[in-house]
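By written order: A, B and C. Residues from 1 in each chain.
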């Protein structure tokens, strides 16, 4: 009896929490279709804010910046992170404490410290050498820096989960390390690589603070544009872009669920 | 390395070392050049002097730390102390609230049917995939004056008439809880899933009161997850910039904003860098403390995030 | 593995090289939001066969931060207000203007040819001028006093949400004016008193935040606040665009005095295309273009030659303040060194408490 009340209470609490989690997003989506420029009253259905988006060059360029940033940084981080993950695995019996500290550093450093150190550093390097001009390039560097650890840890934990004799077999089978990588390691690691890529991609799109501080004048991403628009006070348009971004996340969620299901069958 | 390789051992060691260098170096160098060096540079900036227009310059001094402690040209003032205390308080409050919400949620998910669990976890995590700025903007919409929630709060006399729930310190706390909830649910869920039911059963037989059974059998087992979650919530919450800036409306300034402001409007890079050092110290003290507590409780590896 | 290393190195090289641009035929304009007629941009692009890339800022601190974080080599034109001009000159963030390339400079009215903040227009050429005043909801305050008390006096406004200006110098100036020290007060004692007033004010229940001038208009229209600070031209511009939402919103110049500002075009020290920047400045200083700009954004023109082409609305308040109000307007003081640092600390204190 008592147990059932507890369970009922928990079910109710679950739905309250889910409402709490989704309410702000739903409100953003709802008001993106609002006919009037009001945050409080929904006066009718309209697509006018979406129409405005389409004609806004800044938003379109911000979209491309976000996409290029996320893809390039994820690819670079995948290559570098993968190597580290593999190195950590191959040499896991050695004392690699310094490496572990190095890899955890980007994870534990507060965003604001991360972003500001890089901004200050890039600015002063640029002043003295002309390199590292703030822009998409510096943003890619910053994003790769916080993506590497996640890729490395995913690859490492996947390798640890493998049967060690497989490696010996592969050593006998393929003569050169390159062949071994192409025919054995990469296929075996494929699921890990895919999920590492998607995690990097998500981290990149999700980041605001680090991007904000390392960006240049022409490299605003969607989150930076939205931040500026909030500060400027143009609301309904933000609702529309935000809705599109939430939609993209929803699609990613469904995909990841399907991917997950398939993986288990 | 197998025994047959003994003969080529010495050559093997060299190539192993080369292998280690080749695989690990690109990433290690990347992090050193693009994160360790910048951090060191920032720390150096903290010991410089603030120029007439806010740029860092020689000579070296401890002036920025004095300023951070509140000592200015006008004697001591409590502003920065307020900011620091507010950051600590918001971190503490939001972490506790996150635990209160996440604990039952994580437990509830483990009681559900296995095929539902991944979907439920996903449901908790998906909102955090959207950008922080968008999530916070959602709350700005919900809590502004004239919205149903603000009207309800006015009717209950919780806030002054004509006002909204945002901007306020309350909105900041809410935003923090919202932002970090998934970070607590995931490790707690992992802990609950591994729960030793035999031990719980035994405790239920031993102690009549369910509260005591929970306290002696369930709680200690979930502690590693709780600690991991606390680290994942408290550290980023302490350095939060976006949420106080958007939801606080000038009343909820936290350490992250103090630091960011020094690189923007007020332009005092050394003071900002000193604030960043304070944040770093807090981070490492927090991590160290969690690790120590975790080890003493026998949580072992899992506590080390 | 070496192949992968090579790919990594190649990609790394790409990243390092990327970012630099300074393309020919592009002008990077860093301006206030809602401050430029798109048709003027089109006309300039057509005349010189170039592309104009616009970036925007909402406040001067924001502009300065972007400029010192690398913007100095990425923008061709910036449009700061008077009190930031000396700061930009002395920190070497801007370059002198080549008057030979600016034949239209003579179009400026006399008082803008030799302004106190930049004698002889060595570095700057005026873009527009205007005032910062109080905007309020006239339904909420049907007979609101022409005074800062609408914000600072809890007896006058006990319960309606209000916002102060995000730029500390303007907010402190407003508090100074309310206290009777004048908008352009300087000196530690006056500032301290003003900072105290601001701290008390922001701790009142109906204080709703520090908001920049343009967004505060949006907030007022949406009912988020009922009193705030904004600029006369933006007010007119918004009101014209959306008469319904702004029907009950008024702009006034408090009797205790407030800000008059001059925004000037300047060229950052390492601008990618200074030659084109000069062409742009000269283009804006043209009589007809200058008038078109003012007619578009409802700010007063510093251009004497533009006068015949100006719309009538520009000759009346709030765009052109009455003579009485004109006498109440002051420049925001330009701060440096010890004074600036003291001010920053006080403002920091206001924000923190």
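What to note about this one:
Quick note on the criterion: a residue touches a chain if its C-beta (ideal position, glycine included) is under 8 Å from a C-beta of that chain, and two chains touch if they have at least 3 such contacts.
Being a predicted model, the structure only gives us computed values, none of them experimental.
Looking at the partners of chain B and chain C together, the chains they share are A. Chain pairs A-C and A-B differ in how many C-beta pairs they share in contact, with the greater number at A-B. Inter-chain centre distance (chain A to chain C, centres taken as mean C-alpha positions): 36 Å.
Chain B has its Cα centroid 17 Å from the Cα centroid of chain A. Shared interface positions of chain C, i.e. residues touching 2 or more other chains, are given as 1-2, 5, 8, 68-69, 222-224.
Taken residue by residue, chain A touches two or more other chains at 39-40, 80, 83, 119, 122, 141, 144, 213, 235, whereas all remaining positions touch fewer. Counting only residues that touch two or more partner chains, chain B has 22-23, 26, 144-146, 263. Across the complex, chain A meets chain C through its residues 37-40, 72, 75-76, 79-80, 83, 119, 122-123, 126, 131-138, 140-141, 144, 177-178, 181, 213, 216-219, 228, 231-235.
Note for the complex: chain B touches chain A at residues 2, 16, 19-20, 22-24, 26-28, 30-32, 34-39, 41-42, 45, 101, 104-105, 107-108, 111, 118-120, 122-124, 126-135, 137-142, 144-147, 178, 181, 210, 235-236, 238-239, 241-242, 246, 256, 259-260, 263, 269, 272-273, 276, 279-280, 283, 287, 305.
Those residues of chain A that touch chain B in the shared complex are 2, 7, 10-11, 13-14, 17-18, 20-25, 27-28, 31, 39-40, 80-81, 83-84, 86-88, 90-91, 94, 99, 102-114, 116-122, 124, 141-142, 144-145, 148, 152, 168, 202, 205-206, 208-209, 213, 222-223, 226-227, 230, 235, 238-239, 242, 245-246, 249-250, 252-253, 256-257, 260. Residues 1-2, 5, 8, 59, 61-62, 64-65, 68-69, 87, 90-91, 159-161, 164, 167-168, 188, 192, 202-203, 205-210, 222-224, 226, 336-338, 340-342, 344-353 of chain C are the ones touching chain B in the complex.
Note for the complex: chain C touches chain A at residues 1-5, 7-8, 11-12, 15-21, 28, 30, 33, 53, 55-56, 58, 66, 68-71, 73-75, 211-212, 214-219, 221-224, 242, 245.
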